[in-house]
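Next up is a structure, given as structure tokens.
Order of writing sets the chain letters: A, B and C. Residues in each chain are counted from 1.
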Amino acid sequence: MMICTALVFFMHLGFAFLEIGLTRQKNTINVLFKNIFIITVGLLLYAIAGFNLMYPGEFNGYIGFAGFGIAAPLTEAGTIDLAYNEGYTYWTDFLFQGMFAATAATIVSGAVAERIKIGPFMIFTVLYVGIVYPIAGSWKWGGGFLDQLDTPFYDFAGSTLVHSVGGWAAIVAVWLLGSRIGKFKDGQIKAIPGHNLPLATAGVLILWLGWFGFNGGSVLSADPELTSLTLVTTCLAAAAGGVSAAFVSTLTFKNLDLTMFLNGVLGGLVGITAGADQMSPMDAIIIGAVAGAIIVFAVSLIDKLRLDDPVGAIAVHLICGIWGTLAVGIFGKLAGWDQLLSQLIGIGSYALICIITSFLIIYTLKKTVGIRVSEREELEGLDAHEHGMDAYPDFRLNEH
Amino acid sequence: MMICTALVFFMHLGFAFLEIGLTRQKNTINVLFKNIFIITVGLLLYAIAGFNLMYPGEFNGYIGFAGFGIAAPLTEAGTIDLAYNEGYTYWTDFLFQGMFAATAATIVSGAVAERIKIGPFMIFTVLYVGIVYPIAGSWKWGGGFLDQLDTPFYDFAGSTLVHSVGGWAAIVAVWLLGSRIGKFKDGQIKAIPGHNLPLATAGVLILWLGWFGFNGGSVLSADPELTSLTLVTTCLAAAAGGVSAAFVSTLTFKNLDLTMFLNGVLGGLVGITAGADQMSPMDAIIIGAVAGAIIVFAVSLIDKLRLDDPVGAIAVHLICGIWGTLAVGIFGKLAGWDQLLSQLIGIGSYALICIITSFLIIYTLKKTVGIRVSEREELEGLDAHEHGMDAYPDFRLNEH
Amino acid sequence: MMICTALVFFMHLGFAFLEIGLTRQKNTINVLFKNIFIITVGLLLYAIAGFNLMYPGEFNGYIGFAGFGIAAPLTEAGTIDLAYNEGYTYWTDFLFQGMFAATAATIVSGAVAERIKIGPFMIFTVLYVGIVYPIAGSWKWGGGFLDQLDTPFYDFAGSTLVHSVGGWAAIVAVWLLGSRIGKFKDGQIKAIPGHNLPLATAGVLILWLGWFGFNGGSVLSADPELTSLTLVTTCLAAAAGGVSAAFVSTLTFKNLDLTMFLNGVLGGLVGITAGADQMSPMDAIIIGAVAGAIIVFAVSLIDKLRLDDPVGAIAVHLICGIWGTLAVGIFGKLAGWDQLLSQLIGIGSYALICIITSFLIIYTLKKTVGIRVSEREELEGLDAHEHGMDAYPDFRLNEH
């Protein structure tokens, strides 16, 4: 579990690399700053209140709070209670969950990149990671009403609780923020290429590595049989997602598109996350392959809806998150109409809370301090204006 | 074991970084695409057939097949058989071995970089990773004839079974493919520098990290004494290989060559791999130091043979793989003439199967669809022609 | 423990990325070469003599030596003694400590970057890592006189034994070496920007990951309660350090400075290292936050003292190392005047040995072979002159 926590932490480098790789050089410092902000502030907020909002103990099933700060439970004799849980300690639990919490904001970060004001983004992060994410999480992982359904909603490692929670906020933010200058022009969709595909590729491989911890650790025990099966389904879904996206996109667009391949891998990973411990290897391959195909069409669809998502976060995390959550009702050990209905209830509940809260936060910010940088700042880059820095200040070409 | 699997997976980022770092910018997307292709397709192929070709159970010692797909063994009562092996589960075993399988093709990828057509390379990968590698692997790790010798051939973690298997195919492919334009001109050998040494260095350090899993996991148990000794021999051989290659190359060429240092580290790692669990620390240092020296001379030799290997894969994986395999008969607990003879038989057997099969595959591809891009494509870069993409599309220099 | 060792090894990529990111492109190969040199030679030296200098068994408390080479202790029957220590083997112990040893020289490497001659730096590394570090380490971790005080000096994972040991040598080296050309000009302090902030950021996140192993492994057992608490205090201190440094620097300099954020994270990590197992989460947040604030002022102060430290190593490793060591006497389970006094004795002892030995080594080198490259070499870059290589030889811009 502790090693899994380390791997999930490392995902933040994956997200950072992916986001800077797929965006323009002039906004690189801004992207890095946001990502470091999210992981540091996210952890602190989770220690202050998030953990106890998400795991409030006995509560009404919708919202509960066990108090500020974190402290390991004590036995009656005043010593630390080692029986907190089999297989991991209170501290491990906190840290593992804390690493998850920050992920939701990272997803949004990618979607709103290259034009959001840093200040309002920081405020949004504090509210969404600090309050919305843990309350929403308590509905299932804290033992809330979605866990109390006759056929409980099932989300093993967060296709909905983590990825869709980020994805819903991403779509709301993108819609309120508008597209980058030049993305949709004269009725045409223009691709705005990023600046560093090697780092984007590294980001995806680091995220895949992190998923070993994300899904492996979510078994919440050291049961080797289940943990190892989970790693197999995770990796096969990733592989199938990548191959399927590359195949479909090559058929459709006639070129071997690296970014589609990469997003397919991520789509497969998000897709398997809700049921990674419930699937057979063959189920995992099918779920991943469908996720990969979805990615190709979802990216096109989102473009056609005039939603400008520089890194494809909505397609990967929201659409494949929904697909993965539904897949628990269709494939594997839990498949059945009752389960599918519970999955739909879960998806709808999270859609509701996330859309409403993220709209309230972002719309308020838009109407008060404003959320978008000026046209000049956008054109000249956020790095120069928000940070007074350059990502590669001394980079030179030799003159062969 | 599961953590080791994660580390071996991560080696694919190491290979990708090393290969893009040592090749030219115009082929970067192509290299990344090949590497993502190998890991995703490699895993799927291993699930479909490779694992059961490599571990067929009882068989004739040369080729066997336990059927398509993967499924954990069941007890007579129909529940999962937890006694599959001490120390790891069926699923862990599959995933760990699957991560290895993809490595063989990655080695070839580096050697043929910058001029091979992507389509034929993908076909080669499918055949070589999907069929040749597991059959060859079954000869030893699957309990085949090399494991049945009176003094069994010994290859702890794959100096021969993984590295040489990749290396033999690399040398055949390089020979059939020819050298890059400009490499050998007017009887001169021209160095063609890569484009990103920081990423190449990162690649080597990531590979070293991965070797903790590669060799550590190959103990196939959690025996702490043996596993920790294996990590010590692995790290000392890497260190000695690097220092030795840097020393020899500085004496020979009078400059402190970073790439020789890096290839020396890799040579030391490949060299210790066959006997990492059989050596004392001092043995490991000697084996690594010899491997480092070998690298310097092998790179020169391969150049003189007019074989164009952009990343030094043949020197590192084939030559040091052979050295490491022989070293098992010379140093450590198994040393002796009988063992040395068995090592030679093993090396010869793998040379035979790998050279024949890779020749058949690549020669057939060459005579049918062709394996080499056009001169114009090579000069303008594979990224533009095969992928329609650029690795750093928005990279700009600031104007101080 | 073995996994922790792998993570600590990986910190060397973090240090390398941080150092190249914050220095100029023309010295990149030099930085990479130094870092690969340190980890390879450091490990070999530690095997040859360092481990037995640091853990000499029974000794006079100041200096002892258990002989050259490493060999696992045997039982009377001649078999390996598995009772070496609970929780880890002799080999694990060696490798884990060996990875630490190399860290001290890496810290110096950053401070002297861009102007030191590579040869003398290599000699310094050999002497300091091979002899000074392990002798100094024996004073506490080897059971020496600082461990024998009535209230023993306490340094959990090396705020003083690792970070300050590197930091003291860094400050001596920077002072003897002088500042880079152009850093202090006409009474002005000029910032000399690095060349790759994405890699610098990656370096910090990799270091943070490595600290999971650094502090987690220093529990020297698999006690899950204590290990997991240690990881929580480590991560919270890192987060608090980053946020605090970003906050203070934004108040002071009015821009959202990414490098201050990053150095704050590192400062928090160094600060918590001495007492990571003794603190509550709240203590850790305070220690980290103070470290973050210290960083901002220390960087300014070091500039004002005309000490040119390109990567901020002195502020991070020395100043925050001292702070962290003192904090053990102020916060947490050991807090008290006696402990604080012991911490001061420890800090003073290490200051003494490190300043004296590093001065002797570097001053001797300065007066004999010289330690600084020529003005022309410095201006044109160490890569061209010391290595005859370029870090990005084929990097080109496309012409959109």
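Couple of notes before you dig in:
Keep this in mind: a residue touches a chain if its C-beta (ideal position, glycine included) is under 8 Å from a C-beta of that chain, and two chains touch if they have at least 3 such contacts.
These figures come from a predicted structure and were not determined experimentally.
Rotation angle, subunit B onto subunit C, C-alpha superposition: 120 degrees, expressed as a multiple of 5. Look at the contact of subunit A with subunit C and you find different residues on each copy: under half of the numbers used there are shared. Distance between subunit A and subunit C, defined via averaged C-alpha coordinates, is recorded as 34 Å. Among the residues of subunit C, those touching two or more other chains are numbered 3, 196, 390, 392-393, 395-397.
Residues 3, 7, 24-26, 193-198, 201-202, 204-206, 208-209, 212-213, 216, 224-225, 227-229, 231-232, 235-236, 238-240, 242-243, 246, 255-259, 261-262, 265, 281-282, 285, 390, 392-393, 395-397 of subunit C are the ones touching subunit A in the complex.
Here subunit A touches subunit C in the complex through residues 2-3, 5-6, 9-10, 12-13, 16-17, 20, 28-29, 32-33, 35-37, 39-41, 43-44, 47, 69-72, 80, 82, 88-92, 94-95, 98, 118, 196, 199, 386-398, 400, going by the rule given at the top.
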